[in-house]
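Here it is, the structure, as structure tokens.
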Amino acid sequence: MAAMAALTLARRLLRSGPRPGLSGAGGREPGAAPRRAIGHGRVAVELDGSSGVAVMKMENLPVNSLSLGFLTEFLISLEKLENDRGCKEVVLTSGAPNIFSAGLDITEMCGKSVEHYTEFWRTVQEMWLRLYQSNLVTIAAINGSSPAGGCLMAMSCDYRIMAENPKYGIGLNETQLGIVAPFWFKDTMVNTIGNRATERSLQLGLSYSPAEAHRIGLVDQLVPEEKMQSAAAEVMSQWLAVPAHSQPAELPAGGGGEGPGSDRV
Amino acid sequence: MAAMAALTLARRLLRSGPRPGLSGAGGREPGAAPRRAIGHGRVAVELDGSSGVAVMKMENLPVNSLSLGFLTEFLISLEKLENDRGCKEVVLTSGAPNIFSAGLDITEMCGKSVEHYTEFWRTVQEMWLRLYQSNLVTIAAINGSSPAGGCLMAMSCDYRIMAENPKYGIGLNETQLGIVAPFWFKDTMVNTIGNRATERSLQLGLSYSPAEAHRIGLVDQLVPEEKMQSAAAEVMSQWLAVPAHSQPAELPAGGGGEGPGSDRV
Amino acid sequence: MAAMAALTLARRLLRSGPRPGLSGAGGREPGAAPRRAIGHGRVAVELDGSSGVAVMKMENLPVNSLSLGFLTEFLISLEKLENDRGCKEVVLTSGAPNIFSAGLDITEMCGKSVEHYTEFWRTVQEMWLRLYQSNLVTIAAINGSSPAGGCLMAMSCDYRIMAENPKYGIGLNETQLGIVAPFWFKDTMVNTIGNRATERSLQLGLSYSPAEAHRIGLVDQLVPEEKMQSAAAEVMSQWLAVPAHSQPAELPAGGGGEGPGSDRV
């Protein structure tokens, strides 16, 4: 059964720490037929061909900063999965301890050329568009804190499971640092938790505990940290039971009008 | 008092099962002066002239499938009420056991000509536009399951009361059948329960129990099945107490921009 | 510390009743250096230069009706604060007993010339635009009932604290009087409490108790009436701790598209 295969895979991948050996492109495990490691650089990807479920584990230590280089590796890995007919679902998670992703790498945003800024922001936006509009079912298994761009990444997935550890926080807290969140970060949050809660979040740069995040709908499900694996597997099997071609991508950011994904709804 | 008259009418109509004798056009009850039966075909309509409240009971047995023929009868009945100066409110309910409406008649959507599909979908859309923009107060008394198009019909009313029977379900569950809900089904749901809950609903084709539907705001009020009548009458009297010309129709589908009904707000 | 200074100011101003002596333009208190009274007409304003917090107290007795004259005085006072580099935050409150503002002065809307109506509505809209888009942090300390236009005024602030007195009501209850709320009243409410709750509010002209208003998100915080002062001061200090230039104004009314404030987000 697909769900069982997924469960096994998820258990194995989520349990282990960062495994650089897996993250190189083409680093397949010979003999373990349907399971293939097809990540790129610091993104460890393992696809279970029998269930169609891939686990993408971010391993840009120490905190999965979203640098230009790491985002590029992320995009290549995701594109590989989208082009792989055997892949239907992706679980996005972290191989770094206590953090899902610390968000945009701030060193990419100062002391560089205009060309660099352009390239960096184009790539950030590409990450958002790719995840948000993906044909694959995308599930964020948030096993650590997820501030700013890390929160955007999680919100761009179809479903969010978060570890129930009160030390973890999630939110678009840029305001606290004097950084204005781009309007499409805001639109994505409005689509997730509504207008007023987003206003509050951005005005005060709020970071939510898992319990608060769940209460306002920023994450869909809380699980004890040691049960992330089985929770992800259960969710996956729910999605696999539904005909994929009738599932919409997320509804368009910005609400109301036509936009990304609207032709699929 | 209007509310009392409405109460009596609602009791009588909601209590009885399907009554084909009432559903023919022009099937008036002589001598029962202010009360008039003015339905068409399989839609039994009884208007209480003293309160201005009409009860429209769908009787397309066994499950109130929304076929082209039935939708046409529905539209004629509704138009009659809208043109009747004595009518202010409509309670939409079902004469079929355990089901409000099973949604669009799937046999209208395969093995037919393009002309037929065009005519069918035009009529489905007409039902939505008519109900959603109606000058009358429209209240859905959901006395059974209400999947897919049945859920759209309920959402297009101004207020939704549902029988508290855990066997009943309501939702845009088309996805489960591999059918993509049209964007205006989606917009209507977004307006009712918000963006994120709609995303979840459409991605997994969720059908909600009455309790769940109430929790997420898909229905406004739950009542024990035997109290649908008095609950509907109470709601009606609330609405009758407010000046009709200052009540907006539902806010425009799709949110934000100008749209149906916006000139009334 | 800013918060402490704010606390002291808030205590002093919120405690006192209407003080006409403060409300004249230019009525400064000599010798109390950083604290300046800079209101205009029936709007008493006191700015604490050390914290940057101003308290604007409406004193158009008996019920703070929003007449053309009073709105003009309100706008002049607000503009003064916006042009004052020493001002960062405004607490909007009432000097009238048991009422925040009774809303638009109905005598401005009948028996007058078209020119008068134009001028009146332009000024109402100006109040909304000014408050909604203000560069200052605007906090409504709702110390009494706040129907119709009074509710709009509160919703146009960044944050709403309401006194926990069950006798007070707040809401766009115009419908009850047969008055249609303008679409931008509606849009502002949609942005605050969402589409469906706004539909219900406008269809029935609902007025909410403080507890209900808090439950649906129409106000952000309830406090015992005698603690309005310290609550406002605490909220102010939260806002003062965040870099002002990265705080968005409220998100645009009407949702989705570009609009007032969007360039700041």
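Miscellaneous remarks
Which chain is which? They are A, B and C, in the order written, and residues in each are numbered from 1.
Convention: a contact is a pair of C-beta atoms (placed from the backbone, for glycine too) under 8 Å apart; a residue touches a chain by one contact, two chains touch by 3 or more.
All values derive from a computational prediction rather than experimental measurement.
Taken as a graph of touching chains, this assembly is fully connected, with contact between every pair of chains.
Mostly differing positions are employed by chain A and chain B in their mutual contact, as under half of the interface residue numbers are shared between these two copies. Taking CA atoms, the transformation carrying chain B onto chain C includes a rotation by 120°, reported to the nearest 5.
Spacing of chain A relative to chain B, judged by their CA centroids, is 40 angstrom. The set of chain B residues that touch two or more partner chains comprises 190, 194, 255-257. In the complex of the two chains, the chain B residues touching chain A come out as 174-181, 183, 186, 190, 194-196, 198-200, 202-205, 254-257. Residue ranges on chain A touching chain B, taken from their complex, read 158, 190-194, 217, 220, 238-239, 242-243, 245-248, 250-251, 255-257, 262, 264-265.
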